[in-house]
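Here come two complexes built around chain A, the first alongside chain B, the second alongside chain C.
For the complex of A and B:
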């Protein structure tokens, strides 16, 4: 198992390195930083001075080395708009996003497994049909639309929930509910399909022939096998949330990474953008390793 | 009311499918007594497994439906019992083992727990269940049982997995054990061991054993009585000897006639030059030597059988010669040219002379292509063989040659039976007019009567077209009827080679002797002699 995790960690590190290279060179393609950062009417001398200070006149490879060195020390430079280290700004926002993703995915996973398993056990019956329709709607409804409807109904009409911001537990309910819908629909589908396959498998037949009761047949024999493909989708969906739920965070004024990225892009706060990309990349890298560990824990065949 | 331990009376089961109602069994009756072994003999689709599933309450309803009959266990009708009552019987009073032990063991739990679960599901304490599991694993011959309890199914061999299934089924000393093709997936020497184990355990516990099989040899070896099924009906019942010597129903006679290993043996002719010369062929899989230096010659028009058990390296030879995998070292000269050093392009051209037919025609034929497309694809790849205008004519000819009709060209693989699919695979191989066809277990997955037909077809093609066959098989009787010469392989080495007569009548290598002794004959008297010989070999 350690060997397998080691290999996966190394391959993930290689991807991370590739991302670093890509980010560095792509950001150089957006144009001359001196032109971007300085006011339009800055003189050529000011621009030259700016390039000198920021080492933009050095050969690209030297700049890249310096960039790498800074990365290792988590030094992404200052945020231009907030006048604080960019990494601090990003980490602050990331904690919000992490909580949002964690709570949402926990709820989604539990709900999708329960509803999907029950639907699989009653294939073709009313509950299964209802769950399928629900998941189709969930998987296909656009989140901005759900968000707006949510605000109109629960905040404006009934006045039960705040429209935006943070502060109380009430502020979390709408963003979480909106983010819940799509992953729930998708994961529910996968759980249902995977459970149907597992319920029809030979080892379930064996368990029945042994006289095992229905409940352990489903929750002991079937569910653990059925979870293997589900975990992959959970990882996928969680990664999307960790990247920052851009639309939902913006609509609800939620101070997460997604909103920070949009704000930074609009304000050309490049250091913050680069830091945000790196932080979310590392988070996804860590999450993939967690997924691999979960896989190995569930399936002994992968451990060797 | 009844003296029988288990009695099935007038049982009818049907399944509602997209194609309409399928009557799987139609008013069948049979009974099983304590200490007795009853075989249900039949080919695929005969309904032989359906009554077992009905006994174990394993038929999904819907789509299944039991339309009539009774299943009396100690005089009580199981079909009138509640699901919970039947669950209490399953595993405790009536147990079942299956053909494919790898699929039927849960891959994610340790085997010790899985065996103990049988006892725990019926209310035994954890400690007691585990003690019992350990004792059972020792009893069925799992080496180092205590450490093996924590291992997972994929860490055992096929034979060991079936032993684990048996341990699981016998955990609570049931009155009845139902074994559904328990040895079909196993090597012949392992099959003999598993059957002996079942017999010993039956003697110890006095249970009734219901043995579902397609193999006349298994019936001859193990059964006290047999029920022959065809198309959902019981066509004949009797002891193995009665059935073998005095079968009255035409279907039973057909089955007996189709059993391989009874025909005349072929005498290889010396003379034609070798077309394939394999020298010191080796294959290494990361330190594991699958082939340890194999050398042999094949002559034009000759049938060379490669026999051996799983893991002997017999299929590896085929894959290396056809360059489906790369050899670690050695040469394979085809008409003087070494196949193993050809570029992919050169090899592509040579492939038309060397074709292959695989074991499972369901998987080796593309389900999205019609039979016409499957056969004519060869000419798309090798356009010089045949102008496109002549394709329909030639496809019809090939289909005729393999015993199908030209109208079949428009159909898709799923519309055919297993035997017909294998005929399509053969027609596909013939399309390139090869000099050599490699058959990798090409008839192993087929029913006995179908198997006989396909072997007949191959024999006809050999005589008419002079095609040479490299015939890879584990089934010795088929090899005896079909091959000119035989290579016997064990653990990546050839332990013996010779003419088919020499191998079958005067085997020299101890392994060949063991292999032959472990094979099951459909004649109960021959089988009794073999069993004695096997026990003698085991004694030495």
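For the complex of A and C:
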């Protein structure tokens, strides 16, 4: 198992490096930050001065060398726009995103497994039909629409929840609910499908023949075997959330990393783009390792 | 049981909201974007100026945007010319900064030099470009500015110079100190900025005790926040939401236009440019794609600008004549069939894409060969500023904002041959711009007026479209009317409480 994790770590590190190179050079191909930072009527002298101050005049390869040199010392550079260390800006935002992702995925996982399992156990019955329709609607409804409807109904009409922002626990309910919908729909479908297959397998028939009751059949015999594909999908969905929920963050004014990344790209704030990509990449890398461990715990065949 | 829990939750939710109402004489203002900095020398950038100007930082002079007083004293009590090229400012006495230090002429000198420093890129400095300005402290409350060449509008330029204490380091600060009635008390990046009223402000104490700024990118959320009472003022909401009694429209000083690069055929032909102008049914946009109250533009600057020419009339929509003009030009060998690229910016203003699509269709109807391309801001900038794309003729759809009262902030860079965004190269226009820039009083006004008329009627420099309106939503608990300057500054002292 250690060997597997080691291999994983090395390949992730190689991917991270490739990502840095790619993003560094590609982002610099997309335009001059001086043109965006300074007002349209700023003179060439002012632009030149701006590029000089921020080292944008050097050849890109020199800039890259300098960036890597700083990076080794864990210096991610300054944000062009905010005149603060880029990593501070990113970590501040990432904490919000991490909590949002963590809470949402926990709720989604618990809910999807329970509803999916029950649906699988009652295939074709009203509960199953209802769960399937619900999950399809959830998986296909656009989140900006759910978000706006959520605000109109729960904040403006009923006055139960704040429209947006942060501050109290109530501020989290709408964003989490909106983020909940799609992964719930998807994971529910996978749980259901996987459970149906597992419930039809010979070992379940054997267990039933031995007289094991329904509940242990679902939760002890079937679920564990049905979980492998489910975990893969959970990992995918969690990775998407860690990248930032741009739409939800934008609508609810939630200070997460998704909106930060989009804004930095639009403003060509290179250091923030790179820092944000590295932080999320590392987070996803750690999450992948956790998923590998989960696989290994569930399925002894993978441990070797 | 379940119902009880649900109701309890709902009640708790309402309680959690109540601090927004309970704040003592405080207001919450919801803006579309958070400033990256709260730096006084960047206050000409609108998202920073809205929070800083007149609240945290003050300037020597200020422009009266609510009445017609013109230039008013603020930190300077009076000013006059001493000699041909020197302006003298007499500073207000008894003024202190929020850090307790006294305000004097050295602070003004330092503020100017800091803004000009090449170690940082203070946005304010661009307004002083090309002018050699030397500040000289005469005594504690008097300062001279000697300029080369002479600057008739230096007192107007001083509306932009925010004053910081002489101890302020050159690098950008995150703890701005100013002489204004408010002080920055809290800044949670990504969430909110809070200003609190000072007790030792030199002027009349404003009614609002504190202001909490929050940021929501989505205009309908901003509108909803006023409706639910979570915020009191949303200076910019979309026209679609502006349907309640709390909403008002106001000219926001933005002018939308198509910049014509006249160096490329067929756009170098004046008949073609006239055809572009009369082929667009401007009135059809108002009250449909664009908000009611939008005005047809005959100049890049809004009518309240010095020298705006009332005799210049918008060309009436006349597609038949436009087609005829094109035919005429074609007969003379002008390549009118050449594909013209129309560049628009996504999200430039509400309804931008629809507006440019409609313009493309109207131009195509009279015989132009137009290809529309909607781009994001960085790509737009590559078309908007020199050096221009020279592979094909281009029309750039853009907006220009000058609420500062004088065309000098627009004319050079939009119409002078050397201007970074000028589409024309016209010796007479250059001469008028140079003369007007150096002139004062009535002569200045007359020269600008002549220039406005010349550009619109004879050169047909661009396709002027609309003076835009913005929409604000103001809650019942406050009394606030937006002005043409609300885009760039929002003085809390102008907010009353009901």
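Here is the rule we go by: the second predicted complex is superposed on the first by the 267 of 304 C-alpha atoms of A that agree within 3 Å, B and C clash if a C-alpha of one lies under 4 Å from a C-alpha of the other, contacts with A are read in each partner's own complex, and residues count from 1 in each chain.
In the analysis below, contacts are C-beta pairs under 8 Å (C-beta built on N, C-alpha and C of every residue); 3 or more make two chains touch, one makes a residue touch a chain.
Since this is a predicted model, take the numbers as computed values, not measurements.
By the document's definition of touching, neither partner reaches A:287: not chain B, not chain C. In the superposed model, A:5 lies in contact with neither chain B nor chain C.
Touch criterion not met for A:233: it reaches neither chain B nor chain C. When the two complexes are overlaid on their common chain A, residue A:56 makes contact with neither chain B nor chain C.
Contact with neither chain B nor chain C is seen for A:118 once the two complexes are overlaid on the shared chain. Contacts of A:300 after superposition on the shared chain: chain B is touched, whereas chain C is not.
Looking at the shared chain after the overlay, A:155 reaches chain C, while chain B stays out of its contact range. For chain A, the partner with contacts to more residues, out of chain B and chain C, is C.
Legend: residue contacts after superposition of the two complexes on their common chain; A:107 is shown touching neither chain B nor chain C.
Of all residues in chain A, only 30-31, 35-46, 49-50, 53, 79, 81-84, 89, 92-93, 96, 148, 151-152, 155-156, 158-170, 173, 250-253, 255, 259-260, 266, 268 touch chain C in the complex they form. Chain contact summary for the complex, chain B toward chain A: residues 56-58, 87-92, 95-96, 98, 100, 103-109, 117-118, 121-122, 152, 154, 165, 168-169. Looking at the complex, you find that chain C touches chain A at residues 9-10, 12-14, 16-17, 36-37, 39, 44-45, 118-121, 123, 125-126, 129-130, 171-172, 174, 189-191, 214-218, 220-221, 224-225, 227-228, 230, 376-379, 381-382, 384-385, 409, 413, 420-421. Per the touch definition, chain A reaches chain B in the complex via residues 201-203, 205-213, 216, 221, 224-225, 298-301.
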